[in-house]
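Each of the next two complexes has chain A plus one more chain, namely chain B in the first and chain C in the second.
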Partner chain A sequence: MIQIYTVLVYVFLFAPIVVVIVLAFNPKQFGIFPMEGVSFRWFIKLAQNESIIEAFKNSLILGSLTAVISTGIGILAAMAFIRFEFPGKNTLNTVLLSPIMIPEVVLGVALLLFLRFLQQPKSFALLLIGHVVLTLPYVLLIVQARLVGIKKEYEEAAKSLGANAFQTFREVTFPLLLPAVLAGALFAFTISFDDITATLFWATAQNQTVPVKIFSMLRNSISPEINALGAVMIVLTVATPLLAGYLSRRFSKIKE
Partner chain B sequence: MKSDSWKPWALLAPSLSAVFFLLVIPVCFIVVYSFWLRAPSGADIPAFQFGNYAKFFEDFFYPKILIRTIRISFETVVLCVVMGYIPAYYFYRSESRYKKVFLLLIMLPFWVSFIIRTMSWINIMGDSGLINHFLLKIGLIESPISMLYNEFTVLMGLIMYLLPFMVLNIYVSLEGIDKSLLEAARCMGCTEWQAFREVTLPLSLPGVSAGCLLVFVLTAGTYLPPMILGGPGNDMIANLIFTRVIGTLDWPFGSAISVILLSLLFVIVWTYNRYLGINQIFKSLQGN
Partner chain C sequence: MATGKKQPMVQFKGILKRFGDVIAVEKMDFDIEEGSLVTLLGPSGCGKTTLLRMVAGLEEPTEGDIFIKGVRINDTPIHKRNLGMIFQNYALFPHKNIFENVAFGLKYRDVSKADITKKVTQALEMVRLPGVEHRMPSQLSGGQQQRIAMARAIVIEPDVLLMDEPLSALDENLREEMRREVDNLQRMLGVTTIFVTHDQREALSMSDKILVMQAGRKQQEGDPETVYNEPNNHFVADFLGHSNFIRGEVVGVDDNHVNVKIETGDVLLAKNKGGFSTGDAVEIIVRAQRFDAFPSDEFKPLEGMNHFGGRIKDRSYMGGEVSYFIELATGREIHIISMMRTRLYSNGESVSVQVSPHHCHLIPLE
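The block that comes next holds the complex of A and B.
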C-alpha cells in the first residue's frame, strides 16, 4: 500500500518534468497533445534566437560568480562557527541563515528600495549581490555540516609540525572540505540559475536571465519553444551535479 | 586563547557585512518607507503616518488577500503532511538497495527550475493538455474541460514545489529514531500499527512540525504559482506587493504590505521558536 502511495507521489512530482522534456520534441505549433511525431525544430529555433542566447550567457555568468563569492565567504563563516567559540555565536548563525525564511518578494523590494535610496540604477551588480544573499545560507549549511565531521586533531597535527594557519587550511582542511565546497558551489549555482521571484525585481531588459525570459514568453501562452528551453535547462541543472558527483567518486577511487 | 578572539570575527566579516548591508539595512528601509507618503505626482515624501496601513485595512479588498494567503498556506501545509509522511516513512523502513536512488530522486526537483515545473502544469491540465487528451481519447468527455487558473491548480503548483521540503524534514527526524525502541515495542507485544502509533509517530513529530513551519513560511511568501496557475481571484500577498511596487510604483504602500507579511511570518516563527526551537529546520536542509 505505502509503496503504491509513494510511487503516486513520485508520479505527481515528476510528471511536470517529464512532460516538459517530451513536449520539447513536439513538432506542432499550436495546442499541446496529441504529439505528431518527433522533431528538433524548436531546439534549432532556440539556437537561432539571439535574446535567449544572451539570457543564457547572463545566467551562466551570474550563476558562476554567485557560486564563487557565496562559497568563498560561506567557507570563512563556517570556519568561524565550527572552529571558534565567541559570544553571540548562535544568534549570528541564525542571522546568517535567516534569508531562507524571508520571502523573496520582500527581499526583492528591500534591496531595490535601498538602491533607490542610494540613487543607483538597477544593474548586473545588483543581481549578483542579491543572489549571493539568497544562496549564502545554503552554502553555509552544507559546509558547516561537513566541517563538523572533520576532526580538529588533523589541523592541530599540521600546526604542531610548523604549518601556519593558512598553510593548515590549504593543505589539510580545504582538501577534506572539498566535497562540501563543490556541493555548496553547485547548489548556489543552481539556485541562482533557476531563481525567478527576486530576479524579476532586480533584472532589467539588458540583463535578463533564462527564467525571466521564460516568464516573459509565458505572457503570450505556453509554446513548444518554452518547453524546449525548459528541457535544455533541466538537462543542464540536473546533469551537472550528477556528472560532478560521478566524477568526484571516480577520482577518489583512483587516488585510493 | 585571548589573543585569538579577533579571528572568528575576521572570518565572519564578509558574510556578516553582506547580510547586514544587503538584508538587515534594506529591511529597515522597508519599515521606514512604509510610513512615508506618496504624492499624487508619484514622488515619495518622508513622513511618519499610518496612512498606508490604514489603506490596507480600509475595506475588505486587501485583508481578503491576506486571509486568502494564510488559508492557502494552511491548506498547503496539511496537504504536504498528508502526501509527504507516507513516502518519508517508506524510505525509513525500506531495506531496498534502491533507497538511495529514491532519496536522490526526491531531491531532484530542487535542481529543476521552479518556473519550468510550475508552467508545466499547463502542459498537463491545459485545454489540450495531457489529462484532457486522455479523457477525450477514452471517450469520457466530448469537449475539453477547463481545469486551469483556479485555487486548485495554485495548490498543485505549491505542493509540487514544497513537498520535497516536507518529505526531507520528516525523513531526517525518522532516521534519528533509535530502531531498538521499535524492537522493544514489538517485543512487548505491540502490533506494527501500535508500535507506529505509540513510538514512531510521536518521535517523528519534531520533523513534521519543522516541515510545517518551513512550508508555511515559504508558501506565505510565494509569488509564482498564483501568477502562472491562478486566475484573477487567486492572488496572494506577494502578488499584491509585486503589482504595487513594480506595476504602480507605489513604494510606500508596497513597503507597508511587505511589513505586514513580514510581521505575520515573524509572529509565526517566533512562536514556533519559543515552544519548539528552530534548529530542527536547518538540520534537514543540511542533507542536500
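The block that comes next holds the complex of A and C.
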C-alpha cells in the first residue's frame, strides 16, 4: 500500500513537469493530447526571440555575479562568526540570516522604498544587491556548517609551521572549505536564477530575467514557446548541480 | 646571561592567564633548559595545555612574559616563532599528501626546491616511514600519522618542540612504542621539548624535568625521581602512583629518623630529610609498591623497619602483581601492590606488613 502512495506522490510532484517538457515538442499551437507528432518548432522560435535570449543572458549574468558575491561575503562572514569572538556576534548573525524568514514580497518592497529614499533609479546593481541579500543566508548556513567541522588544529598547525593568516586561509582553510563553497555558490545561482517574487519588484524593462519574462508572457497569452522555455530551464537547473557533483567527484579521484 | 649559567631556552616570568573570571594559569615562573624534555603533567583543566598554547602563541598571557632564547616573544606572531607543534589528533592537512604535509613549513622558509625534497626524505627516514611521500594522510594508521606529524614539526628545525598530548589518541600498545620513539628522536635531535600529558607513566619515563600542575598552579617541579619519591604535597603524591596517606604527629626527631605516632598508636620511623620538629602534624606517604607483606606466623621483624599487622580484606590479581587492601587493627585500610615474592594470600588471611623508613616520605598535613 505504502508503495502505491509513494508512486502517487511522485506522480503528483513530477507529472506537471513532464507535461511541460512533453508539450514543448508539440507541433500545434494548442496543447492537446494526443499530440500529432514531434517538433522542435517552439525551440526554434524561442531561439529567434531576442527578448527571451536577452532575458536568458541577464539571468545567467545575474546568477553568476550573485553566486560570486554571495559566496565571497558568505565565506568572510562565516570565518568571522565561527573563528572569532566579538560583541554583537549573535545579533549580526541573526540579521544576516533574516532574509530567509522575511517574506520576499516585503523584502522586494522594502528595497524599492529604500531606493526611493536614496532617490536612485532602479538598475541592474539594485537587482544584484537584492539577489545577494536573498541568497547570502543560504551560503552562510552552508559554509558555516562546514567550517564548524574543520578543526581549528589544522589552522594552528599551519600557523605554527610559519604560514601567516592569509597563507593559512589559502593553503588550508579554503581547500577544506571548497565543497561547501561550491555548494553555496550553486545554491546562490539557482535561487537567483529561479527567483520571481522579489525580482518582479526590482527588474526594469532592460534587465528582465527569465522567470519575469515568462510571467509577463503568460499574462498576454499562453504561447507554446513557454513550454519550450520551461523545458530548457528545467534541464539547466537539474543539469547544473548534477554536473557539479560529477566534476567534484572526478576532481577528488584525481587528487587521490 | 650574567649569572654565568647557560641561558634557559624557554623562560616563563610571572605568567598568568585569565579566561573571563577563571584563572587558567596562576602566576608562574619556570625555566626550561636547552635540549631538555620537560613535561607539563596534571589532570585535565589544570592549565597545562593553556601554558603550552601560550608558548605557541595560540593564547596570549594576561600578565607576565615568555622568553625564548632570551628574547621576549609575547608580541611575536605565531608564524614567526619557529616552533614545532604536535597535536593530539595529528592535524595533518587531509587534502595534502604526505610530502606536501611535511614540506609545508619549509615553503615559508628560505629553502630551495631540491633542499626541500632532501629534507623531507630525511625527516621521513628519521621517523622510520620512508617512501610514503605520495600517500594521503587518511591512508595511514594513527601511529603513522603521528610520526608524519613529528616529521612535519622537526623538519623546520624548530627552537622548541611543543607536544600537546601527542600519544593520547593511540591505543595502549602503540602508545608504549611511540613513547620510546618520541624519546629517542628527541634525544637524537637534542631539540628542547615541552610535552603536555595527563599520563604519569609518559611523564616519568620520558622527562628530564616534570612540572606538576593543578588548578593553574605549579605543584612541584623536578626530575622524575624527585617528583615521584619526594612529593611536595598531598596532591602530587596522590596524582603520581598509588600512595597511602597515614596521618600522624611527630613525637621525636634524631639525626636519622623522624618518629611519627600514627592513629593506631604505633610509632613509625621515617627517614629524616629535615624540616620537621616535634609536635608537627604530618602525613606519611608510602607507595603501595614499597610495602612487603608476610604471613603473620612466619614473620620475623627486622631491626629498624616499620611493621604492623593486618588482615587481607580484598585482593585483585593482575598477573605480574597483586593488589591487596589490608585492614589494620583500627579499621584503617592500606593499599599494597605486591610483586608476589612469597605467595598469593587469600581474603581474611592475617599478614604482617613491613616498610623501610627510607620509603616513608613526610609532608606537612594540609
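Going forward, the second predicted complex is superposed on the first by the 253 of 256 C-alpha atoms of A that agree within 3 Å, B and C clash if a C-alpha of one lies under 4 Å from a C-alpha of the other, contacts with A are read in each partner's own complex, and residues count from 1 in each chain.
FYI, a contact is a pair of C-beta atoms (placed from the backbone, for glycine too) under 8 Å apart; a residue touches a chain by one contact, two chains touch by 3 or more.
Please read these numbers as outputs of a predicted model, since none were measured by experiment.
When the two structures are aligned on the shared chain, A:L96 is found in touch with chain B, with no touch to chain C.
In the superposition on chain A, A:N227 makes contact with chain B only, not with chain C. When the two complexes are overlaid on their common chain A, residue A:P211 makes contact with chain B while staying clear of chain C.
In the overlay built on the shared chain, the residue A:A157 is in contact with chain C alone; chain B does not reach it.
In the superposition on chain A, A:R219 contacts neither chain B nor chain C. Taking chain B and chain C in turn and counting the residues of chain A each one touches, the greater count comes from B. When the shared chain is aligned, chain C comes close enough to touch A:V172, but chain B does not.
Looking at chain A, you'll find no residue that touches chain B in one structure and chain C in the other. The touching residues of chain B, counted against chain A in their complex, run 4-5, 7-9, 11-12, 14-16, 18-19, 22-27, 29-30, 33, 83-84, 86-87, 89-90, 102, 105-106, 108-124, 126, 128-130, 132-133, 159-160, 163-164, 217, 220-224, 228, 238, 241-242, 245-246, 251, 254-255, 258, 261-262, 265, 269, 278, 282, 285-286, 288. Note for the complex: chain C touches chain A at residues 56-58, 77-85, 87, 89, 91, 93-95, 104-105, 107-109, 136, 152-153, 156, 162. Interface residues of chain A, counted against chain C in their complex, comprise 151, 153-154, 156-164, 167-168, 171-172, 175-176, 255-256. On chain A, the positions that touch chain B within their shared complex are 2-3, 5-6, 9-10, 12-17, 19-20, 23, 31-34, 72-74, 76-77, 79-81, 83-84, 86, 92, 94-107, 109-114, 116-117, 129-130, 132-133, 136, 138, 140-142, 144-145, 183, 187, 190, 193-197, 200-201, 210-211, 214-215, 218, 222, 226-227, 230, 233-234, 237-238, 241.
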